[in-house]
Amino acid sequence: MTSTSGTPVTRLCTHTLTSLHYREADLVEDLLGKKTFTEVMLMQILNRTPRGVDLRITDAVLVVLMEHGLTPSAIATRLIYMSAPENLQGAVSAGLLAVGSSFVGTMENCAGLLDRIGAAADPDAEAMEIARHYKGLRSPVPGFGHHLHKPVDPRAYKLLDMARAEPELAGHKVRALERLSAAVDAMAGRPITINATGAVAALLGEIGVPTGVMRGFAVISRAAGLVAHIVEEQQSPSGRFIWDTVEHAIPFVGASGKPA
Amino acid sequence: MTSTSGTPVTRLCTHTLTSLHYREADLVEDLLGKKTFTEVMLMQILNRTPRGVDLRITDAVLVVLMEHGLTPSAIATRLIYMSAPENLQGAVSAGLLAVGSSFVGTMENCAGLLDRIGAAADPDAEAMEIARHYKGLRSPVPGFGHHLHKPVDPRAYKLLDMARAEPELAGHKVRALERLSAAVDAMAGRPITINATGAVAALLGEIGVPTGVMRGFAVISRAAGLVAHIVEEQQSPSGRFIWDTVEHAIPFVGASGKPA
Amino acid sequence: MTSTSGTPVTRLCTHTLTSLHYREADLVEDLLGKKTFTEVMLMQILNRTPRGVDLRITDAVLVVLMEHGLTPSAIATRLIYMSAPENLQGAVSAGLLAVGSSFVGTMENCAGLLDRIGAAADPDAEAMEIARHYKGLRSPVPGFGHHLHKPVDPRAYKLLDMARAEPELAGHKVRALERLSAAVDAMAGRPITINATGAVAALLGEIGVPTGVMRGFAVISRAAGLVAHIVEEQQSPSGRFIWDTVEHAIPFVGASGKPA
Amino acid sequence: MTSTSGTPVTRLCTHTLTSLHYREADLVEDLLGKKTFTEVMLMQILNRTPRGVDLRITDAVLVVLMEHGLTPSAIATRLIYMSAPENLQGAVSAGLLAVGSSFVGTMENCAGLLDRIGAAADPDAEAMEIARHYKGLRSPVPGFGHHLHKPVDPRAYKLLDMARAEPELAGHKVRALERLSAAVDAMAGRPITINATGAVAALLGEIGVPTGVMRGFAVISRAAGLVAHIVEEQQSPSGRFIWDTVEHAIPFVGASGKPA
């Protein structure tokens, strides 16, 4: 919020000659050696002291979002690292730019649907309306289906089981996802797997992460995954091989439509 | 490493229709609900099962690198977020590009000096040689001094005390930093504080993080810090205020040398 | 397009041991010393030999998009350059990430409206519908109004006059913008200026740039503008001043709501 | 430079309610329709009115740096665009991060050598010393050799011929490159081609571009090249094909060293 004068303020961090505070906490006295990275991260993002359940859910979400092998983000990071090895942060930044609406960041799209279902007078009708809408577009419902994991995305079911086992969670987002899943299956006439981003949307929603913030968890987690790709690139470079492979696989054709 | 055929390989992640593995571990069976984000991150980056001490040191390092208020990286992230709010990952990426040789990523510069001292036949002479070199350049020794924290950087001393309290750590990097500190003080004729990045260099070195990888920990941690800045920006925007403030503070002058 | 086998192909560039081709053109024989940067850029982006009018319009658009002083993108570039001066491309990239839906890249939003008007059975009714829609949202129509240039954005009127003076242009996008302008004025009950991005949308549309490509021209032009900011930063650094100014202008407040 | 008060100033751009100035020039009155993009870019970067020769050399340099097919930067841009198509600027920014010390931005490394030769009391001895140094490192001299263009890089010789044909150029940088070329050949015992980045370093030096600014020209030019790659990606997507090809080409192996 802003002060009465309209000047914006920050509540995240302040420092003096002799101390540094993260919100109300003294970094040296209250945090170092006492709180984990996940704990302080949630304290800063959610502006509250995280509970044990918040940490368990967040760690699971961050672990599941960290890696999926040689993805577009990992390939981009490896190629940029080869080109500018003096600039590790640039290679990670390049890969993070892939956390968009089509991959990795997609939990936002599903979370928006869960918000709609949660706010609807008739949640089941809203879920069916959503399923019908995407069928009309001939496009998958965000949070459902996976081009690699068939018939089911094992990550999704494990994450949902973890959430169901947490008595402190209200369960409303998980139930909204279950409603949407039933509607998606009915509309398809066969079971469609819930995927990891669907489950991540439900779990982050359960611990109170706003939909517009969820993509940030993918960015944080993927940053760690991409650093591991850079370490592997330092030990066994693949960048030149990727370059040669792609250049060879995609031929040039001239206006004639024939290879030059 | 590469296979005998010269084709690069990856050891980070593989997936089948029904499972996903991070190195040797089954994501669903072995990691979700059993390992924290910090634990899996270290397993991927260091290619070994982290010990308790590795987690304690890494969490402390990540927490200390997360925030320092309205830094260049946080200001850049807030401005980019205002300009392209549909693109949270772009705002974080912009801020991460500040993790360079001058700020945040500076632990690399200090770690390189600790490596030299550790490898020297006469470590104290090497430390003195380094201190003399930077005095000649009239520039601070990487890892020493701080323009905001005077006379001492409380973060540095806390981190070093944590490392000294860990019997499993060899202590060679901390001792190298102590040697360098003694040389820096002797050269200056007064005590110069060890700063946080100096301590971070020593601690990451103690748990076996190669110097060329250290900057990655700043990137991961700062990504979390920048997401918190975006959340605050969503709640109380400062971007327009920053723009107006900077534009007003830096006048235009024409070739005449006079304001237009 | 893709080959019959489904393998993608490229038509942009190919090289042999002794030559390099951009599309059908031999770089050394046909382009170097014979074609300008703007000319080759358009040939590559539009896949046709640009006419004189295409070059005049494109140069005007690129010049107008290059600079607007200490904008969010320029401030971000200067701060990132201060933090990682070894990495000029990172500083430019950070600033380019500001070319989004809210600033600089906004011509896309306006061009989409011009496309709608051009495709409508009753263009004037469509324009009025658009104006009514945004009035309902209490938000400005993309391409209209400017917080700095009042009552009129002189860039917009100059660009439109240039387009009107080109007999080879069909004028359909300019007319669509004029229709939208009349509707916007009628809805507001007073004249609202067309702004530079509105005019840019019309001009790029007149030379056949698809709406989804227009943002690219802002990226190219702003890259040049940001390089000039870096040169000025090299000669008279402002990064530290910006940092101190912003940090001082935005106070920290604790949970109490009072400054710490 | 900064004002007497130490407050930084800018000389690049200023605006009023009714006008916008780029340095001393009125954008609407003096630039639009009168100056090309290349012309205004140089005026802003070099802070002087460019001559015809400056434009000819700059256009040639920008054209030669624009494209080299499916390079790491183009591949990264295509992959990021597939992942976040709503965010064209992010895809270009990702590719630009490849303009580093190893590719594209390498003219800086060569320009630094030309600066040394130009400043040396005995330029030929300095050139030989440089050639000897790199031979000792078993690494190519920046600006010499090319892994794709053999035996000669045709771009380099064309660019140098263009510069030699310009009577207004002093020729000192071209001569320094010729001296270095003679030394490189002598040290190798066979002719080694001057490459495009070597020639670019000499040409930009001839028109007075400081070595520390040269990489910016690669960034500007490559931005245009990458926009063309995005347009091709919009028309015939290759991102998914690249992803599948790379993932299939680089096998996972477990700790056993055997494929999983």
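For clarity, chains are labelled A, B, C and D in written order, and residue numbers in each chain start from 1.
Please note the rule applied: contacts are C-beta pairs under 8 Å (C-beta built on N, C-alpha and C of every residue); 3 or more make two chains touch, one makes a residue touch a chain.
What you are looking at is a predicted structure, and each value in this text was computed from that prediction instead of being measured.
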Remotest chain, chain D as reference, centres from CA atoms: A
Counterpart interface for C-D, drawn from A-C, A-B or A-D and sharing over half of its contact pairs: A-B
Interchain centroid distance [CA atoms averaged], chain B/chain C, Å: 35
Euclidean distance of C-alpha centroids - chain B vs chain D, Å: 30
Centre-to-centre distance between chain B and chain A (centres being mean Cα positions), rounded to whole Å: 23
Per-residue multi-chain contacts in chain C, two or more chains: 7-14, 69-70, 84, 86-87, 89-90, 93-94, 97-100, 105, 238, 241, 249-250, 252
Residue ranges of chain C in contact with chain D within the complex: 1-2, 7-15, 17-20, 22, 27-28, 31-33, 35-38, 40-41, 44-45, 47, 55-56, 58-60, 62-64, 66-70, 87-90, 92-94, 96-100, 105, 148-150, 152, 154-155, 158-159, 162, 210, 212-213, 215-221, 223-225, 227-232, 234-238, 241
Complex interface listing, chain C residues touching chain B: 69-73, 75-76, 79-80, 82-87, 90-91, 93-95, 97-105, 238-239, 241-243, 245-247, 249-250, 252
Chain A partner contacts - residues on chain C that touch it in the complex: 3, 7-14, 21, 23-24, 84, 86-87, 89-90, 93, 249-255, 260
